[in-house]
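What follows is subunit A paired twice: with subunit B in the first complex and subunit C in the second.
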Partner chain A sequence: MTRRRKVPSAVVDSPLDTRTQAKAKEDRLPSVEDGRLMTYEAGDNVGRFLALLAGRISRPLAVSMTACVHCGLCAESCHYFLTHPDDPTMTPVWKADQIRKIFKRYVDWTGRIAPWWVKAAAPEGDEDLNRLKNIVFGSCSACRRCTYNCPMGVDTGLLVRFTRGLLTELGIVPEGVFNVSRDQWETGNQMAVTEDDYLETLAWMRDEVRTELGTEAVEIPVDKPDCDVLYTINPREIKFDPRSIAYAAKIFHVAGESWTMPKWGWDQTNFGLFSGDDRLGAYVARNVYEAADRLRAKRIVISECGHGYRSTRWEGYDWAGYDQKRPTESVVVTLKRYLEEGRIDVDPSRNAEPVTFHDSCNIARSGDLVEEPREVLRRVCADFREMHPNRRENFCCTGGGGLLSMAEYRPLRLESAKIKADQLRATGAKLVCTMCHNCVDGLNDVIKHYQIPMKVVQVLELVSNALIVPPRRKA
Partner chain B sequence: MSALLRLFENEVQIAALSFMAVVYVVRLAWIFRFKTRRDRTFAAGDERAGAGYSLMNIAMPGAMESTRKRPFFYAQFVIFHLGVAAAIAGTFIIPYAPGLFRHAVLVRLFRAVVGAAFVVGLIRMGRRLTNPVLRTVSSPDDYFALALLIVWFAAAVLAMPNRPEQGEAPLIAYFGLTAFFLVYVPFSKICHYLYYPFTRYYLGRSLGHRGALPPAVKAKEPA
Partner chain C sequence: MPFVESEGRPVEVNEEGFLVRPEEWTEEMAKHLARVEEGLAELTPEHWAVIRYIREYYLDKKLAPMVRKMCQATGFPLMKIYDLFPSGPAKGACKVAGLPKPDGCV
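After this line comes the complex of A and B, so read on.
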């Protein structure tokens, strides 16, 4: 950039690694060949970046670009700055200014006429774009805590995602972001789970629940039409945590739910949210919606995943240009309904250890669920205690925004996690519950790094623990 | 009253105001050039309530952690903007309703408000010059806009008694600065008030639709 300021943070110097991009091109992956998955090409990337910027900007984005008054109130809402109070480049306002100054230089008035007067500046080459990549991917989890704390209503989270999207179009992305996007484009799920793996894991979990309940009546139906519930999951559940599928299956069985999982379109996660790639977002979300159409399901239920919930419940319909036709809800809402309707009964004494709740940013700040998980936890736990701050003011687990897939930014992420670690410790709880698989991994990293005697659980697990299985549902 | 002061109080102000109005219309047209997307999802809350709550954020220091934890900062904000309102009001009262400033109480009130805003302006300038975050992000426009307001407040305090017979310099400075302001504002950060309704409306509408704002209101998704 012109008039460049020396940036002390090491994160901005992380180089662009294009090895897996080169491999994808060499392998002639369909998503690369047909231009869905963009790879880095040397050339006039600045020109392309500016054209994309001008062409994609929406009105909410344009006013967020222009409205900042540099009051600095956002600084102390950010866990990066709170843990690096001597580094102004960790503030939301500075990070947003890195895209804002380009907007001012090329789109806004004063910056076009007198750029120095408003600190408008243009990227000079790919090195500057790579630096921008490191800022928007590496030093912000797009948690939107600053958005809620901006007196002007500037949506820095939105600006960061927008900038990520422009860079993704140019292949100027962290390697991890490229890899996960590639898997989701190529296989329909972000962990490249094969159909065989998927079906075998479901059968395995069905057998586990059958053994636990001593009945062959338990099913995990796949592609069953005309069900009340189409249950969609996070590929992490297949790869690393299949018990969560078993918990859901057990609860659905006890509740007498008419449910199914789709053979295709089961991944409710959506890396398009993190990469800023609306086309990927549309593709993945549409897979889920079309699965529900195909199977004539009455309701889409999303397993516990923060960004998956935000993507499938909220953003996905807009990305896909698809008008919502049926209720789409988190499984936590389903559980709450079961409890309210008496479809399941629970014994909170089975969860005797103190439990606290971590609000997922994507659910609490960019979604609608704040009280629902608490209502469920109060029913199924003997000792539920709040973390402070909480609800929409909660701090990010630090693994949000896709940061778990970007190893190069891990040291900074874990430094910034001290805020979360302090929050967790102060509760004195033994268990921290969250309704997000990303947060499970993020919190596990925090707990391990800061050596906190705590275990991460999810709502389904606690409900499953507390579940009283009536004799008619057993053997 | 001299012809120069009369010119500054009337024709110059009207010309500057007209210029500002034209630029604002163009600016609004520029904002509306950018597209918005309609929401395709079932609402979990109330868009209008969300937008209303968001727009009223300015009057709710408890709504945000950032202002809740800094009551002094919020008080500064209130005083500063009341000062702006009082100083703007002065530019209309003096030429069009000079009788109002014959009431000593009113003059004292206006001068107190604008004077307090002047002090807050100095505090803000001190903060901007000494806070490393603000120093890093501030542009020349940020400093100039604030400095301009501080000088304008000072000129307003001196001009408020509206006693041209005791010397016209404060009044000429006040109206001269006002005219400059009106021309400069649309190109500076000072026109943030033009964007506030937009940023707040779009944020509030979106979060209201999702049931996130207002925090207490929660509608059910259609069955």
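After this line comes the complex of A and C, so read on.
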């Protein structure tokens, strides 16, 4: 009998870095002082971890903890395993088993009676918890492709987020996750953009669109009550790439939309989704819902952001315990409506280059928004082509789950991105369009690393290119 | 963590090529980062105007400036920044200027 050579695990061995946590404590940040933002403390962390775990098992979690039959179908759906086919620690089932065995040892009766029988085991110290951190933050982008392909209905994405949440409570988190959570708790947005910076950039983009269209009638209203649309964005649009705000403003102007942006509650992104911290999730989502209430807006529109869409449109109501009856939609759905109702006209020949579409995990698999972007793209592009697999079966950009903010796991992420690179190349498209800012950066990393001659664009940009501005909207 | 070599000595960068200790930055290092990370064979006076502004802002506030401030300080229109630094203001310009990786979805 030949034995397969044992390959070393690709799980990244990254130590716990608490330097920015120490700085946050030293600066006596309010979120640290009042216990919203948790920091690492030496002590019985395993005990605290087990107590938290036992107190948080919901029915969906219990199903995912117990229903796995180790069939291996999840492995075939995971980009980490498909690019590391000899490494069992890259399979979703192995990653989920690392929390499952703790659950079995302390919660499930089988493991309490016969731990050796069901492979139940306990973490022994902070080292083990840190390794768990490297597994759930560093070797899974929480894309839920395995969840979608599980015949037993096991939600490995849910288990990963749950485990991340327990570790976040103990401050056993990657530095990048801590930093972004800190900024969102402290400033209400994930890039610590000040109100002045926000208002200044909006005024700047308004002036840019005024110049482009040659009319002073263009506005980017802030805190205007009783509008049809409350437009919320990703802070990176203010800080590093406001072009998307200009595209939206131009299209809203031409469509004659009654819209506003809120002075507070404008960040629709939510690091609570990535860190597993439901309290942060509740705080950020509530800011958006309350802004819509305060301004009596008819609907909330979310700019092109995958995890922001999932958080604000789906998960946030639950986290915040908010009775949110107001329609909440992606701006791509708004654009589709404009096209259907004839509120905007487009000329697809202005987007002549071949375009393919990358479904964001949080929008397609976890957000159920699949055909809408395609309907828009077919109207505004001359040559639209699918990549394969696509829709809910698409592969992650590899930067999901907050991984873009965790540089320590980047080499493993780029290795696993080979599958994405092959998928992109096979389309022969010159442009890859995605409705997620995070995917923009994830895809750009893949394109740069694998030297693919492609450019990443978003739906708003393509619609803005194709937009026919009628004379009455000009002067 | 990986290292890049500049002026004969190794300088520590993170897995994404951002300097770990921004105080180790030199102009030679900027040229090196621009070549390796941004594929820019040469840095023009326009590149330097952006880099110097980002550097000054960072040393003063320990933060990356938003792109609005870069444009105001240099007088460049927005699109010019993306033309100068293909990876954009955060992953391109801030990296060449020796800033640590900005926090958030970038």
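Definition applied: the second predicted complex is superposed on the first by the 465 of 475 C-alpha atoms of A that agree within 3 Å, B and C clash if a C-alpha of one lies under 4 Å from a C-alpha of the other, contacts with A are read in each partner's own complex, and residues count from 1 in each chain.
Methods note: a residue touches a chain if its C-beta (ideal position, glycine included) is under 8 Å from a C-beta of that chain, and two chains touch if they have at least 3 such contacts.
The shown structure was predicted, so the numbers you read here are calculated from the model rather than taken from an experiment.
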Subunit B versus subunit C on the shared subunit A, clash or fit? fit
I'd like to know which partner A:434 touches here: subunit B for first, subunit C for second, both or neither. neither
According to the stated criteria, A:303 is in contact with first (subunit B), second (subunit C), both, or neither; which is it? neither
Touched subunit A residues, subunit B compared with subunit C: B
In the superposed arrangement, which partner chain does A:360 touch: subunit B (first), subunit C (second), both, or neither? neither
Pick one for A:270: touches subunit B only (first), subunit C only (second), both, or neither. neither
Could you say whether A:200 touches subunit B, subunit C, both of them, or neither, answering first, second, both or neither? second
In the overlaid three-chain picture, which partner chain does A:423 touch, first (subunit B) or second (subunit C), both, or neither? neither
With both structures superposed on the shared chain, find the angle between the C-alpha centres of subunit B and subunit C as seen from the C-alpha centre of subunit A, to the nearest 10 degrees. 140
Figure out whether A:147 sits in contact with subunit B (first) or subunit C (second), or with both, or with neither. first
After superposing the two complexes, find the smallest distance in angstrom between C-alpha atoms of subunit B and C-alpha atoms of subunit C. 25
Residue ranges of subunit A touching subunit C (in the complex, touch as defined): 176, 179-180, 183, 190-193, 197, 200-201, 204, 208, 234-236, 238-243, 269, 305, 404-405, 407-411, 437-438, 441, 444, 448
Going by the contact rule at the top, pick out the subunit B residues touching subunit A in the complex. 27, 30-32, 34-37, 39-42, 44-45, 54, 57-58, 64-67, 69-70, 73, 77, 131-142, 187-189, 192, 195-196, 198-200, 202-204, 206, 210-212, 215, 218, 221-223
For the subunit C and subunit A complex, residues of the former touching the latter: 14-16, 18, 63-64, 66-68, 71, 78, 87-91, 101-106
Show me the residue ranges of subunit A that touch subunit B in the complex, using the header's touch definition. 5, 57-64, 66-67, 69-70, 72-77, 81, 86, 88-89, 91, 93-94, 97, 109-110, 116-119, 147-155, 313-314, 317-318, 321-324, 327-329, 364-368, 370-371, 389, 391-393
